[in-house]
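Dropping the structures in below, format is structure tokens.
Each of the next two complexes has chain A plus one other chain: chain B in the first, chain C in the second.
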Partner chain A sequence: MPTVTIDNQEFEFEGNPILLQFCLDHDIELPHFCYHPAMSAPANCRQCLVEIGTPEIDRGTGEPRLDEDGNPVIRFFPKMMTGCSEDISDGMVVKTHRSSELVREAQKDNLEFLLINHPLDCPICDQAGNCPLQIQAYKYGPEGSRFEFRKVSKPKHIELGPRVVLDAERCINCTRCTRFTTEISESHQLTIIERSVWNYPMTPPGVDFDEPYSMNVIDICPVGALTSKDFRFKARVWEMSSTPSITIGNAKGSNCFYWVKDNLVQKVTPRTNMEVNEYWLPDEDRLDYDVFNENRPEGPTIAGQSASWDDAKTAAADLLKNVDANGIVFLGSAFACVEDNYLLGELASALGAAAPSYIQHIEPGAGDGWLITDDKTPNASGCERLGIRPLDATLLRSRIQGGDVKLLYVLQDDPVAAGICEAADLAGVSVILHHTNTTNETLVAANVALPAATVVETVGTFVNQDGHAQRVWPSKAIRGVNRTLSMEIGKSRADKHGTPFDRWFDEDHLVDCQPGWVVIPEIADLLDIELRFKGPRDIMLKVSSENEAFGGATYDAMAEPGVRLVDVGAEV
Partner chain B sequence: MTDFIKDPVILMPERHPEPVFSTEELVFTAEETRQIATWVSQYPTADGAIMKVLWMAQEKFGFLPPEVIRLSAGALGMPYARAFGVATFYTQYFKSKKGRYVLDVCTCFSCQICGGYDMLHYLEEKLGAHAGETTDDGLFTIQEVECLGACGSAPMLQITNGPYVMNLTEEKIDALIDALKRDQLPFFSSVTLPQDEDDLGGNRRTDVRDTLTYSAPPVAKTLG
Partner chain C sequence: MEEKNGATSKAGDWRSYERVLLPPVRDLHRLEVYEQNGGYEALREVLTSDKWDPTSVTNEVRNSGLRGRGGAGFLTGLKWTFMPPVDPNIPRFLCGNGDESEPGTFKDRQLMEFNPHLIFEGMLIASYAMSITTSYLYVRGEFADWISLMEVELAKAYEKGYVGKNVLGTDFSTDLVIHKGAGAYICGEESSLMISLEGERPYPRAKPPFPAQRGLWNYPTTINNVETLACVPLIINRGGEWFADLGSHRHPGPVLYGISGHVNRPGVYEYPTGMLITDLIYDVAKGMRGSKKLKAVVPGGSSTPILRADQIDGVTMDAETLRDAGSMMGTAGMLIMDEDTDIVSWLRRVTRFYHHESCGQCTPCREGTGWIENIVTRIDEGAGNLRDLDLLIDLCFQMEGRTVCALADAAAWPVRFTIERFRDEFEARCRPSLVPSGGVLTPALGP
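Presenting the complex of A and B:
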């Protein structure tokens, strides 16, 4: 197998790897700004310079020349080369900053150049603390600058589009943003304008940077030049905790981090998962986090009056007990996790009621074939795989109006807003509702309302439209104590910034809600139905062993990347 | 340039300027379109021809406001943003309206020590406009530019991205301005270096109308 020697250490390689990526993959940190694995390498930041040599080949024999000790003679390139634009070849010898003084000096000088016109406004910059330029200047940069003239002032706080703000002074012209619009989203809305010290990324006149993926340039910007209009000045990176999770705005289940401060979700950023969303996240997935923060219920209610959780569960059980099973309609939810839907199905079958169905939320034409889908729910595929079918809205409406339905049990959905029926139609129907927001229009008709945990507060499994099963971790705490959630919070806190300042256990903004997998078994218990699990982990163990559509989807197997489920196609 | 060093502030360009040309004006004629097709065939991809198309558009419209850049990009089926990046990169593409003649006076190193600034200031006083400005009659725009590669014949200026006027003197500028006012553009003149003249027996170029012999360059007033 061909080998490459990096800092006197020999590595084997296959294929045609790029030197910079190869180093990063082998935990050799090479500073860089312009290189991004998903895009072409323009090699214009010059930060990843390394010394590269290749074996000298004897032209006569075609064999490598050997020195007196029998080692191949290495001829180094006269100048340092950029690792991002260099393919590794057999016998190549590379010296990085770890073994070459020359490279260390080059990195230092290059950073001095990059910082010549870079403003020293880190204390007020949103990127501070999470900024490749800041980190690398600290690690590899010079101790000061020899530039003693006035820095060039460029336009600041320009709204490039409705969601992205540009600070041109901070830009180091790495062109990641323009390459994103050229190569990835292909909106062609950004370009580098002007020349030399005048240049920075800009939209051409008459164009707004308003494409549906515009906010990705904020994540790939290695400095604070491109910031989010929504998130600007809201929180510092070290004040927040970030939790790996998925977005629930559509059926793609794009992987993300939820950034939480004071128990409020502050922003959503993409998490790399090459099987689902690669490095990207659409803007709509980043900006719909208000549902986690605003209009959240304050505890359960019985007939509109606040009640304790015990009373509410008892009231729900009483309602279920006193109605003939034929008159009960269970509505599962494509917004809720697989675990909750599974428990609901089990409850329905134990009561002898019809299997649950779910309300579809499809906006034809909304999808783009990439990360935005027509289906606006995160778990329709999970429902299908559990055998929960789309609701026949017309049939249910006529049954409700005909008085056939005595009790409607709704898991995390809103039949009134979905147009299934009017709130007035439900006057004669007992309604048990798990709701996440007080804006739920069915709430007025609910006899028992049980606040449900959203994706940022629960543990659960969601299956995207391609059959990718992914689990989520709680990003923020809820009121009340749940051992499973506490444990999972501890596990999920990959605290990259390692400071104690995030307000994880602040009493403010704690929502008094409970996951479905807590509430449904307790109601079942009151009905003397055996539906006890140790937690969602056990539920998925059972589901994955019993239901081949979920084969292999245990919590351990899913971990962060998720599991691609077998395609059950026609069966569902 | 000097002002920029003292006060290095880059202002925000207008994001949504009013178009200068109407949609009826913004078309390439059939002949121009044929010319574009010829250029496109000379490059691996159509994008390659953008510089020539922009050049042609500048000659047609006088300068390149955004809508003309958009038209040029559209003619090649390339992204408007990319064409705009190209157009703003090169100073020879005029993004704003200029006078009929653009006088680029070189004040880069060689010309500077040979009196480039003397010539620039003389021209500024003569025309009553500063570098970067256009005279009130719309005839002349004066620009201060970096090296145009004619150091052997310093000081020099260039007329509207075209002919060079070399070995400048105040009298030469007077004559040039008079000629330009009569719309008489000087011809390109070839200058040789002294050693070549000795070896070759004078300037032997036959493809140009004017040939100049080498003369020792002057020294800037401030140095002399």
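Presenting the complex of A and C:
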């Protein structure tokens, strides 16, 4: 196998890897700004300069020339080369800053240049604390600056579009943002204007930077030049915890981090998963986090009156106990996790009621064939795989109006808002509702309302439209104590920014809600139905072993990247 | 051979040299006149005579020893051989580089004004030699008058069948397009020239891949300076041997010397390579203005290292000699400065140019050119410190060879060599370093 020597250490390689990427993949940190694995490498930041040599080939024999000791003679390029623009070749010898003084000097010189016109307004910059320029300047930069002139003035706080704000002075002209709009989203809404030290990214005249993926440029910007209009000045990175999770705005299940401060979700950023969303996240997935923070229920209610969890569960069990199984309709939910839907199905079958169905939320034409889908729910495929089928809305409506339905059990959905029936139609129907927000229009008709934990508060599994099963971790705490959640919180956060600023144990903004996999077994218990599991991990162990459509989807196997399930041809 | 100051001109009997690039013919720019003076004969011969095929044309250019006239001085024939074998499914392109913008250089525009058909003919022969069906003549936008003139003349050439389908009735077809640049110095760099032609922002591209592998629209492309291309018909007409014998042995051929500055008769002069700099100043350009003493010569456009008057004795204008003398041939656009010249002020103007023309893609050039201009300006205004000189040299080394294209080198060389060779004048302008600068910020320089 061909080999490359980096700082006197030999590595084997396959194919044609890019030197910079190869180093990063092998835990050799090469400072860089403009390189991004998904885009072309213009080699413009000049930060990843390294010394590169290749074996000298004897023209006569075509073989590498050997020195007296029998080692190949290495000829180094006269200039340092950028790692991002060089492909590795067999026998190549590379010296990075770890072994070359020349490279160390070049990195220092380059950072001195990058900083002379950078405003150094880190104390008021959103990127501070999580800024490649800041980090690399500390690690590889000069101790001070020899620049004694006024920095160049450029436009500040320009709204490029509805969601992205530019500070041109902070820009280091890496062109990642313009390359994103030309190569990835292909909206061509950004370009570099002006030249020399006065240049910066801008939209063409009369064009708004409003493409549905515009906020990705904020993540890939290696400085604080592009910031989110929504998130600007809301929190510093070290005040937040970030938890790996997925977005629930549509059926793609794009991987993300939820950034939480004071038990409120502050922003959503993409998490790399080459199987799902690669490096990107659509703007709509980032901005619908209000559902986690606002209009959250304050504990369970019975007939609209606050009640304790115990009373509410007893009331729900009583309702279920006193109704003939033929009169019970269970509605599963494509918004809820696989575990909750599974338990609901088990409860229904134990009671002898019909299997649950779920309400589809499809907006034809809303999808773009990339990360935005027509289906606006995160788990329709999971429901299908559990045997939960789309609801026949017309049939249910006529059954309700005909007085055929005595009890409606709704898991995390809103039949009234979905147009299945009017709230008034439910006057004669007992309604048990797991709701996540008080804006739920079915809530007024609910006899028992049991606040449900959202994706940021629970542990659970979601299956995207491509059959990719992914688990989530709780990003923030709920009121009350749950051993499983507490344990998973500890694991997921791994104290990435574990500092005294972490407001994890603040009592503010704690929502009084519970995951379905806590509530449903307890109701079952009151009905003398055996539906006990140690927790969601246990549930998935059972589901994945019993149901071939979930084969292999255990918590251990899914971990952060998720598991691609077998194609069951489910109609989603 | 002529002796002067004990040195030898390599240009032979240059006083009786007969001009071939810019011959003294009235209205030569008009096709009719060009034809009367043997115009397009080289093209006709190449296309119709059995003696010539694409390989033999390339070989003749190779044997002539023609080197690029755009600054780098690369062997033209060798460059042509870098083109991959012809594949009828893959287009190939030729670019004539007429984006002349180096300060002190004004020779291409003379060709475009007075002998445009020689450029066209050279491009057509080159297209034949490399089996190219479309060539572009990229002209600096400021040359608006000559662009209009050339467009008129090109239309005539099309009408006469020298360009277009079935050139001169043969089965060789090729098109020639004149493209007007928008006045950016960087577009003279070959990769940005191509990207500019493609309609993109002309940021230079990293090499390799070289244009012959991936050029215009990622297809094989050759780029030559227009003066280089204009030499090609001469080589065909008079033979590569004639060309190789003209001027300096290793850098042969006629060359357009653009002489500007404090001489009595500035202008563009055609002579063989290897002319003594002193001959060019004192004979060709009729000596220093007001009989002042010579102070410095910049031999090939503002980016080539400056030579002090005491460094030019016996130095001839060809790549090897100038390299040994500590400079470069560049574009042969010579800046002549007399004893009254303020060298600091001159350098300030040069740094201003490169600051303004840096495309801003690579960090060292974008930031370095501006920083250097700031410092030189401060020194010129009498507010510089002695330590600034060492800082300037440091910054030059921080820029040289660390960018995608050579603009950073072009911007750094004049600074480094001017300070090295005129350090006493810079020091005289600086305040001693022991005097604190008082922490007063110098206002930023506008665009």
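As a working rule, the second predicted complex is superposed on the first by the 565 of 572 C-alpha atoms of A that agree within 3 Å, B and C clash if a C-alpha of one lies under 4 Å from a C-alpha of the other, contacts with A are read in each partner's own complex, and residues count from 1 in each chain.
Quick note on the criterion: a contact is a pair of C-beta atoms (placed from the backbone, for glycine too) under 8 Å apart; a residue touches a chain by one contact, two chains touch by 3 or more.
Fair warning: this is a prediction, and the values are worked out from it, not measured in the lab.
J.: Once both complexes are superposed via chain A, do chain B and chain C end up clashing or fitting?
T.: Chain B/chain C on chain A - steric clash.
J.: Looking at the overlay, what does A:Q47 touch: chain B (first), chain C (second), both, or neither?
T.: Only chain C; A:Q47 stays clear of chain B.
J.: Is A:G206 touching the first partner chain B, the second partner chain C, both, or neither of them?
T.: After superposing on A, A:G206 lies in contact with chain B but is clear of chain C.
J.: In the superposed arrangement, does A:R564 touch chain B (first), chain C (second), both or neither?
T.: Neither partner.
J.: Thinking of the overlay built on chain A, is A:S85 touched by chain B (first), by chain C (second), by both, or by neither?
T.: In the superposition, A:S85 touches chain C alone.
J.: Given the touch rule stated above, what does A:I158 touch, chain B (first), chain C (second), both, or neither?
T.: first
J.: By residue count, is chain A touched more by chain B or by chain C?
T.: Comparing chain B with chain C, the partner touching more chain A residues is C.
J.: Go through the superposed model and pick first if A:R397 touches only chain B, second if only chain C, both, or neither.
T.: neither
J.: If you stack the two complexes on chain A, which partner ends up touching A:Q189: first (chain B), second (chain C), both, or neither?
T.: Only chain B is touched by A:Q189; chain C is not.
J.: Give one of first, second, both or neither to describe whether A:H361 is in contact with chain B, with chain C, with both, or with none.
T.: Neither partner.
J.: So, A:E148: does it touch chain B (first), chain C (second), both, or neither?
T.: A:E148 sits against chain C, while chain B stays out of touch.
J.: Flag for me the stretch of chain C that overlaps chain B after superposition; candidates: 207-215, 261-269 or 369-377.
T.: 261-269
J.: With the touch criterion stated at the top, can you tell me which chain A residues are shared between the chain B interface and the chain C interface?
T.: Residues common to the chain A contacts of chain C and of chain B are 149-153, 191-192, 194-195, 197-199, listed in rising order.
J.: Touching residues of chain C toward chain A in the complex: what are they?
T.: 184, 186, 201, 203, 205-206, 355-364, 366-371, 374, 378, 391, 398, 401-404, 437, 441-444, 447
J.: Looking at the complex, which residues from chain A come into contact with chain C?
T.: Going through chain A, the ones touching chain C are 42-47, 49, 78-80, 82, 85, 106, 109-110, 112-114, 116-117, 146-153, 172-173, 175, 191-192, 194-199.
J.: Please name which positions on chain A make contact with chain B in the complex.
T.: The touching residues are 149-155, 158, 168, 178, 181-182, 188-195, 197-199, 202-207.
J.: Going by the contact rule set out above, which residues of chain B touch chain A in the complex?
T.: Answer in residue numbers: 5, 7-17, 66, 69-70, 79-82, 84-85, 88-91.
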